[in-house]
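Note that the chains are named A, B, C and D in the order they appear, and that numbering of residues resets to 1 at the start of each chain.
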Amino acid sequence: MQKHEFVFDGEIIDTSAEKVGEAYRVQVGDKSFDIRPVAPGLFATFVDGRKVIVASARDHDTTYVGIEAAVLELSDPSSDGFGGGAGDQAGEKDKIYAPMPGKIVKLMVAVGDTVAEKQHVVIVEAMKMENPVLAKANGTVKAINFAEGDQVDTDHPIVELELDE
Amino acid sequence: MFKKILVANRSEIAVRVMNACRVLGIPSVAVYSDADENAKHRHYADEAVHIGPPPPRESYLDIDKIIAAAKETGCDAIHPGYGFLAENPLLPRRCAAEGIAFIGPSPEAMNLMGNKVESRIKMTEAGIPLVPGMKSSSKDPAVFRKAADKAGYPVMIKAAAGGGGKGMRIVHKADELDAALEAAQREALNAFNDDTVYLEKYIASPRHIEFQVIADSHGNAVHLFERECSIQRRHQKIIEETPSVALTPELRARMGADAVKVAQAADYVNAGTVEFLFDPDGNYYFLEMNTRIQVEHPITEMVTGIDLVVEQIRVAAGLPLSFTQEQLNQRGHAIECRLYAEDGDNNFMPSTGKILHYSEPSGPGIRVDSGVMQGGQITIDYDPIMAKLIVHAPDRATCINKTIDAIHDYKILGVKTSRDFMVDVLRHPDFVHGNTFTDFIEKHMGDRDSNPAKYRDLAAAVATAAAMSAPGAVSSASSGNGVVDGATPWQTIGPWQIGDSISAKA
Amino acid sequence: MFKKILVANRSEIAVRVMNACRVLGIPSVAVYSDADENAKHRHYADEAVHIGPPPPRESYLDIDKIIAAAKETGCDAIHPGYGFLAENPLLPRRCAAEGIAFIGPSPEAMNLMGNKVESRIKMTEAGIPLVPGMKSSSKDPAVFRKAADKAGYPVMIKAAAGGGGKGMRIVHKADELDAALEAAQREALNAFNDDTVYLEKYIASPRHIEFQVIADSHGNAVHLFERECSIQRRHQKIIEETPSVALTPELRARMGADAVKVAQAADYVNAGTVEFLFDPDGNYYFLEMNTRIQVEHPITEMVTGIDLVVEQIRVAAGLPLSFTQEQLNQRGHAIECRLYAEDGDNNFMPSTGKILHYSEPSGPGIRVDSGVMQGGQITIDYDPIMAKLIVHAPDRATCINKTIDAIHDYKILGVKTSRDFMVDVLRHPDFVHGNTFTDFIEKHMGDRDSNPAKYRDLAAAVATAAAMSAPGAVSSASSGNGVVDGATPWQTIGPWQIGDSISAKA
Amino acid sequence: MQKHEFVFDGEIIDTSAEKVGEAYRVQVGDKSFDIRPVAPGLFATFVDGRKVIVASARDHDTTYVGIEAAVLELSDPSSDGFGGGAGDQAGEKDKIYAPMPGKIVKLMVAVGDTVAEKQHVVIVEAMKMENPVLAKANGTVKAINFAEGDQVDTDHPIVELELDE
């Protein structure tokens, strides 16, 4: 019986599992799943009584699991607090990051502005498209760390907010 | 017929064209930038020539480099695919000067249709119905304001050299016009190196219905029926289907005849697409003609049984069309889903990264045109289209269900896609009932909740099994040594026991 | 419609039927013997039930076990595939008694058609042309000698319960008759548990042309055109195509109408195949009707666009046919190649062993129906069919070339196949010109020299590269832990450099 | 530069190879081939100027190579004289083996009979088919090691011949 721990959406999930023949019987809470490896990165299991193939792959501290059309990202709890990834993954709603490396074509807020959740604050051009970046919560702009025309990566916040209570 | 064909493109369409070359027994040559050193199209071709750094202007858009690659490898024809140089008349002109065949229309026809303003004038003369709007472009915002007032809001700004939703903006009120104009011009400049934009009346809630046409150099021109491409986000098609539920046989015949008339008015020789807006009252308006093979051409191939790229190459080689209008018919229903590297749960934000796992669906009536491989990198350099899933079935209802199944079997990990978003579209009662208009996504998908949390416990169980299974059973980013596999899930399904001893329990 | 379907078969046809179940949204249940513990059909189904040891009589032919498996898993229908119990009237009878639907014809129709002697009598009455021969069977060799003398040599001995070339013998001279009779009876007993054989005149150099039919329980019956299956070895089809080059539209209509008449005369409800011999003078003779889905059904699906197995299930559920005769047409050309585990260079000797490498071709118009996986074992227990390659193209010449390409891309190592033999058939001028008669292989392939030695040096180079490449880059029998891959070669093509620095040189 | 040796059809083939980038440049006699691994068991190379995918797999001492529709079997010279496989592979024309395990349904020769090349000598039933086994050379039957009804494998000769000169 092996124990494992994953973080999904800020919550810890505990699992315990044993090998039964070629498959793994995994206990998650009060549910039991049988998961059988069928090919590199592919597993067979059941969803709503129908056999399905699910996919899994790891990158650094994250396990990606593809079930039907959904992809879930599970982090190792050991990595970096809960979230384990770039800032955007960590649930830091006060920092606004570019979703991908690109060029800032428009800054739509200034320090001191109040912004609402889902408000467009920056436009980043990447892959030949202008991509609006949205605020993740209501707040006031505390800092702007880049200027229009700057190249940005995904590790440094473009805009920082003072969140409303 | 040609001796060797250079494919001046990348990703799935380059692979698609090379496949047509294989069917015709013609060797193909790929070109590739530094970013595509390990890309599928490069490896699929018989030969490949490196043409420069990642930025398109220094590689895929550089005519000198394309021509030099063709000459170096002894190619007597160039296929441009779609995008990049496909609608740039400088390439056919240069090809003519160098004695290389261009697999596409004449530069004159391309010029005419590539310029949305000129083509509107020509089509008005030919008696094709048109959306009211500007007769010519301008740099002066005041001209746009006046034209908008005349046509009445909402209006739409479009790039003269445009396509694919780039340089396009809807404007609902007069005070939004200037900002939208500026943004459209900026995008158009970046995308097409030409900031010419124009304005026309915006038809609310139309369907986007286009007709595939093909014409040879012997005076034959036919249409291969319609494609409905109303499911769009940011004016970019994501799900296409054929036939359209909106067309009666009479309307289909009339629009098809008009599409052929458009091609003939332009002295067009090549495969092409005539796009119409179809309003809720059953009126249709000529929108533009795309003078290239279209992203969504496979659904037409599925229902007509014609290989459009093979036919396009034959026509370019001076052969007559291998079929007549009377021999063509529509059989069954086909749906295409475009798989972009983008986050369907987050405003379609482009997604980059390494493809950690990749496996395609397969089976009767299922086709995948893809340009990616497991272990491949999706970079910011190019359009985020990775693959197209095309499904064919006897009727629309079966086709929708089969498409959902195929999306479920299509596994891509490491780069986000809109697979789950598309399943939600396909299952939406309005889609199922054929209520497909270009505002479908805005109207029906705005408050969509993807909720992958319902799979939370199962995902944790799979992650546990993955962690426990033998090394090598799980693909890992760190093991990426260029040795890849893209097995389809059901083709490769392996040992599995069921029965009394082991089964799914809740 | 049915709630759950048990598939009483194995290998590719079991997988094919399960695929139709998926299209219809119906869960499927596999049955498997000890030999098929890791077989593809077992893993493809939603559920699977073990039914005994490898010998068919103790598993796939054991009606009690099949019925028990269906009841245990709550199936309300059984699909028999082809072979095994597919033409055994005891199964539909037992199904009726147990309240389970049988996806196939009534036991009466099956009885009639399954017995070649009775069906000949019935079809003579219905006015269908027949090959001259015995009106009834006999155990007495003297009766056979007399019938042979009357019909004139050469004659053919056939199993009454037969199919697939088993229990079949051509006899050229009277003094060969007794030995051939004995061998045919022995084979028939082994294959069908019934040693009844009969005799008819042997038509030299005919074509084998069969018509696909389907009939529902509402009185509708249609044909889906012909398949030509003249390329046979030991009376077993290996390459089939449609349309046949030998049929004019008039002849096609007449034979199709006769095929429908055959089905109607038998009160037939199900998909079925009416086989005709077609002599060089253009006469045709009813041979037999196969009361099941046929191995070569996919080529009909390709040119008609109909999913025959889906339609077969619908009809069995009491639904009317979803199309009329008028709505059916033939589009393009389709070829099927049967991949048997056999040595095409050595008299088609069956081959067993482990599949060390397996990768399938893919692309527009290419379909593979397979029942095997990399790492799987081919044993002596069952028919050696591993997979079917089906190729669709606009015309016959293109289809032939595309098929050869696809065979080249189909990689199977560890078990011998007749892939190279089939390429030689497809390239033979007489095949290319449509001179396809049932003695084709005997006549044209007898002195064939496979000569793989032409690849000798390249093979040594590949073996060298394989030995040098990183561990894991080469699949190895010893690494077979049930984790498999079946990637298609061109889907998975990886890093590859070409240009000045490295290329092929002679 | 690595040296390798294989046996094909009784002949030794010497190769020498070096790694060039991701590919292998292999010299065989006066010919040079570039072979590039593209997927597990799959390699890209050229045949008649067209790019092709070839497959390779090993089992015990044998390397199988699939090129176009052909499959070639190359043996390691170290294994067992030249041939390295079962008797049938070794070119022993005086011994007649079953091509696969099965049941002898008919013996068509007796000790002392003369047989001609390609003459059917035994019928073995396997996979529900009766498979004739042919003599591989002209000769006289020296020994018959099984009776009708016996199960045979592929390692023990059914019939042994005294070959004609």
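Please note the rule applied: contacts are C-beta pairs under 8 Å (C-beta built on N, C-alpha and C of every residue); 3 or more make two chains touch, one makes a residue touch a chain.
Everything quoted here is computed from the prediction, not taken from an experiment.
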item	value
Euclidean distance of C-alpha centroids - chain C vs chain D, Å	28
Geometric centre distance via CA averages, chain C-chain A, whole Å	50
Inter-centroid spacing, chain C versus chain B (mean Cα positions, whole Å)	38
Touching two or more other chains - residues of chain C	43, 47, 470, 472-473, 482-485, 487, 490, 492-496
Residues within chain A bordering two or more other chains	22, 37-40, 44, 49
Touch-based graph of the chains, sorted into line, ring, star, complete or other	other
Inter-chain touch pairs (all)	A-B, A-C, B-C, B-D, C-D
Residues of chain A that touch chain B when the two form their complex	2, 4, 6, 8-9, 13, 15, 17, 19-26, 28-29, 31-47, 49, 52-60, 63-72, 74, 99-102, 105, 125-132, 134
List of chain D residues in touch with chain B within their complex	22, 37-40, 44, 49-51
Of chain C, residues touching chain D in the complex	166, 183, 186-187, 190-191, 234, 341, 343, 346-347, 349-352, 354, 356-357, 359, 380-384, 404, 407-409, 411-414, 416-417, 419-420, 422-423, 450, 452-453, 455-470, 472-477, 485, 487, 489-490, 492-497, 501-506
Touch list for chain C against partner chain A, complex	27, 43, 45-47, 482-485
Contact footprint of chain C on chain B as seen in their complex	19, 22-23, 25, 37-38, 40, 42-44, 47-50, 298, 301, 305-307, 310, 322, 329, 331-332, 360, 362-365, 367, 370, 373-375, 392-395, 398, 401-402, 405, 470, 472-473, 481-488, 490-496, 498-499
